[in-house]
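A short worksheet on the structure shown next.
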Amino acid sequence: MRVAVQSAAFDLGAEVAAFTAGVRGAGAVVSFTGLVRDEGGKLSAMEIEHYPGMTEKAISGMVGEAIQRWSLADALVIHRHGRLAPGEAIMMVATAAAHRGDAFSAAEFLMDYLKSRAPFWKKEIGAGGADWVAAKDSDEDALKRW
Amino acid sequence: MRVAVQSAAFDLGAEVAAFTAGVRGAGAVVSFTGLVRDEGGKLSAMEIEHYPGMTEKAISGMVGEAIQRWSLADALVIHRHGRLAPGEAIMMVATAAAHRGDAFSAAEFLMDYLKSRAPFWKKEIGAGGADWVAAKDSDEDALKRW
Amino acid sequence: MIDVLYFAWVRERIGLPRERIETGAETVAGLVDELRAKEERYAAAFADLSSLRVALDQELADFNAPLAGVREVAFFPPMTGG
Amino acid sequence: MIDVLYFAWVRERIGLPRERIETGAETVAGLVDELRAKEERYAAAFADLSSLRVALDQELADFNAPLAGVREVAFFPPMTGG
């Protein structure tokens, strides 16, 4: 497993290709990529703050749980912080398993937990100023299915 | 949307990167890749037969339905036929939507339909001979959730 | 005249991928009966319809579907793509 | 002495990312009461605990968790990563 928390952009295609090439015996690989939406041109940038130290620990814990629970062959999480422009990739998750159901479930589980349990905070910067993104009840509710 | 049915290998990383770069305004991209498992060394090759003409039509119908149902920004399916070695990518699906739930659901829907409603047949070639893969009840059951 | 296509083990059992057939059958089931009566290898391929699927002009259909106007019939086992 | 960290709008409202605090509080809630009493900007930041989360030594915790042995306390709004 690999967990990376970084301000630098990552090469999505290269990461997906390397992750997939590296799994032995798995039949299913799922990747998720989160992008900065431009909100119809209203958003000029996204700023992501995090809690260095805790972030890596929290994500590693989630990934370890996912690997056990769905017998994953491998899992990867990359999450950026700092300033991002619309269209840029914020983060990605990849999971590999023998069968597709496990790979999908593990990727969705990781996304739900990253959204609400990894210490990241997003600020949207637009023409009208800057606003911290409010947590959604639906994101908290999403955790209940696991 | 793009649907490709081909015997040639595809460049997974390049496809995921190009698909993601091409979606405008989406916040979530999900990709699924199916790989030939080696079944603990027992499998030497996989041969995939298909029904030229119907395959493309059937997949395009599924993708069109997924785009409508989950308001996708875009969707992509590539499926290979012919002889494949263990570890090779058989197929991939990618979906892009404003929010992650739609991108995940659409990708799982497409996978479930591709498994049981696109005219492909897999034959496993091993030391002991060649066997057509039997359809699984669980794959047919998976369609019921949609 | 109708084009009849066979895929996967149906193709292997019958020994050819496609043929043109002159048929008076009104439904897929009627065509299957005609094929079964032709030769033992057809009877073997169509022994258990529950393990077969059929497409009419490249759309999945039922065995009781009418053949009127159909140009291409395909028989094959349940699909195993993905 | 304990390290107290603030993130996102909690950091902005209080005006600093971290500070070292001498506290006699036995629980997180006790520490919050001490901070609120310090200055108006702290009272504003901690006005509504339901919109705040706390981590003790980088693990999520409750506001009634004991502080004994804790070296680092962090206050922040609900997370919005992913």
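Chains here go by letter, A, B, C and D, matching the order in which they are written, and residues are numbered from 1 within each.
Everything that follows uses one rule, which is that a contact is a pair of C-beta atoms (placed from the backbone, for glycine too) under 8 Å apart; a residue touches a chain by one contact, two chains touch by 3 or more.
Note that the coordinates shown come from a computational prediction; the quantities given were computed from them, not determined experimentally.
Asker: With subunit B excluded and the rest untouched, write the groups of chains still joined, or say one piece.
Answerer: In the absence of subunit B, as far as touching goes, the chains form A, D | C.
Asker: Please compute the C-alpha centroid of subunit A, do the same for subunit C, then give the distance between them in whole Å.
Answerer: Distance between chain centres, rounded to whole Å: 48 Å.
Asker: Any idea how many Å lie between the Cα centroids of subunit B and subunit C?
Answerer: The mean C-alpha positions of subunit B and subunit C differ by 26 Å.
Asker: Would you mind pulling out the distance in Å between where the CA atoms of subunit C average out and where those of subunit D do?
Answerer: Centres of subunit C and subunit D (C-alpha means) sit 72 Å apart.
Asker: Residues of subunit A touching 2+ other chains?
Answerer: Correct list: 34, 100, 111.
Asker: Scan subunit D for residues touching two or more other chains and write them down.
Answerer: In subunit D, 82 touch at least two other chains.
Asker: Graph of touching chains, which shape: line, ring, star, complete, other?
Answerer: Shape of the chain contacts: a line, open at both ends.
Asker: I'd like to see which chains touch which, written out pair by pair.
Answerer: A-B, A-D, B-C
Asker: Inside the complex, what are the residues of subunit B that reach subunit C?
Answerer: So the residues of subunit B touching subunit C come out as 34, 48-51, 53-54, 57-58, 79, 90-91, 111, 114-123, 132-135, 139-140.
Asker: Can you list the subunit D residues touching subunit A in their complex?
Answerer: These residues of subunit D touch subunit A: 5, 7-9, 11, 55, 58-60, 74, 76-82.
Asker: Could you please specify the touching residues of subunit A with respect to subunit B in the complex?
Answerer: Those in contact with subunit B are residues 11-18, 20, 23-38, 40, 87, 89, 98, 100, 103-104, 107-108, 111.
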